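Below is one structure, written out as structure tokens; comments come after it.
In this document, chain identifiers A, B, C and D correspond to the written order of the chains, with residue numbering beginning at 1 in each.
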Amino acid sequence: MHLTRDPLDVGDLLAEVQSPERGGTCVFLGTVRNDAGVTSIDYSAYESMAVEEIERILAEARERWPRSRVMLQHRLGVIPVGEASIAIAAAAPHRDEAFAACRYAIEEVKKRLPVWKKELRGDGSEQWVEAHDHR
Amino acid sequence: MHLTRDPLDVGDLLAEVQSPERGGTCVFLGTVRNDAGVTSIDYSAYESMAVEEIERILAEARERWPRSRVMLQHRLGVIPVGEASIAIAAAAPHRDEAFAACRYAIEEVKKRLPVWKKELRGDGSEQWVEAHDHR
Amino acid sequence: MGKISVRFFARYAELAGCTWSHVNVDTPTTVAAVIARVREVFPGTQAMPATPLAALNQRQVKLDAPVTEGDEVALLPPLSGG
Amino acid sequence: MGKISVRFFARYAELAGCTWSHVNVDTPTTVAAVIARVREVFPGTQAMPATPLAALNQRQVKLDAPVTEGDEVALLPPLSGG
């Protein structure tokens, strides 16, 4: 459920985190950019570890912001430019917590998730991405 | 378009701000909380000024984060608990700008938008909200 | 004498018993002077704070902002949007 | 001698020509020693950096982490998720 090969649905994530006592919700979406001829990115993962790492990150967020609820989905496989590879939703009683929990989750994902990108270009070339981007 | 009496649709806002060169999108939703017997909130505004203020806030965000695109909708009228009164979407090439522009917009809205809330309670009582909340 | 549009919102509209009116004042004048006149014409608004938030022609201003004939002064309860 | 599962991902899988295998090493040992053995068995992996990222049983670890029979060592190119 944290990893999927289907397009991500923000509405599903919102439904999982929102509730009548949580008045602030922050969502982050990372989408594939059209950098230098890129037409899509093939995402692969060490899937069992990625699932565990996501669960650790969500547990840490809940520990830091106990009244928040955070959900995260990462898409794998070939994702075309403009579509989302990751979606995070964080809801909390107040907006400070919602923003903080959402930001925490994406920063930890970038540092810790065993996921790799291979950029696919219009000219048929392919390239592994081996530096942190700053998207 | 910045003010509406209909339920807010995040998908519409996303469609307006996302593009192939913007890889990070941050969304904020403010929803009506079930504080102390509140069943809904009646939002009213100085509508013509609110529209101008929103346009000023969006222009400021674009000036500060020129590669970002931010959209904002505020709902007016009676909004039940759990539904959104405000939705902001900010997309940018990188996530730092998207988070910053989204956060800027909601903080300025809270400070500057001529909008008022009257809480409606299950027991039939009503109360103007006259202090900044921290949602 | 100049005619100044005056608008009341939210709780202040309830105090004034009115949402949109006008007052006549010697112009040029200031927002503070318009508010003083408002308190006479709409006695319920004496319950507003001594220095309420005000907008002049759809922008928040300080109470010493200059006002001329045809301007619109709005009296704004504490903002609670979002 | 103990049997250690070894997994390769992304570019390292291309270098190894393999995604999942095992090596036999004297146990207990360390992740670094497993990697040294991997470089012998899969010569293509000599192109990996001197100190690649590694996970032991699905958690990132330092290369001096202790390894025993049955453990799973994964070799991870620089992470680029999100």
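Convention: a contact is a pair of C-beta atoms (placed from the backbone, for glycine too) under 8 Å apart; a residue touches a chain by one contact, two chains touch by 3 or more.
This is a predicted model, so every value here is computed, not measured.
**Student:** Walk from chain B over to chain C along touching chains and report the minimum step count.
**Tutor:** Between chain B and chain C, the shortest chain-hopping route counts 1.
**Student:** Which one of the chains is farthest from chain A, going by Cα centres?
**Tutor:** Farthest by centroid: C.
**Student:** Between chain A and chain D, what is the separation of their C-alpha centroids in Å?
**Tutor:** Computed from C-alpha means, the inter-chain centre distance equals 26 Å.
**Student:** So, what's the distance in Å between the C-alpha centres of chain D and chain B?
**Tutor:** Averaging C-alpha atoms per chain gives centres 49 Å apart.
**Student:** Report, in whole Å, the distance between the mean C-alpha point of chain A and the mean C-alpha point of chain B.
**Tutor:** Those two chain centres are 23 Å apart.
**Student:** If I count partner chains per residue in chain C, which residues reach a count of at least 2?
**Tutor:** Within chain C, no residue contacts more than one other chain.
**Student:** Can you pull out the residues of chain A that are in contact with at least two other chains?
**Tutor:** Where chain A meets two or more other chains at a single residue, that happens at 30, 106, 135.
**Student:** If you go through all the chains, which pairs of them touch?
**Tutor:** Every pair of chains meeting the touch criterion: A-B, A-D, B-C.
**Student:** Can you list the residues on chain A that touch chain D in the complex?
**Tutor:** Going through chain A, the ones touching chain D are 30, 43-46, 48-50, 52, 74, 85-86, 106, 109-118, 128-133, 135.
**Student:** Where on chain D does chain A make contact in their complex?
**Tutor:** The contact residues of chain D facing chain A are 7, 9-11, 55, 58-60, 74, 76-82.
**Student:** Applying the document's contact rule, which stretches of chain B touch chain A when the two form their complex?
**Tutor:** Residue positions touching the partner: 10-11, 14, 18-34, 81-82, 93-96, 98-99, 102-103, 106, 134-135.
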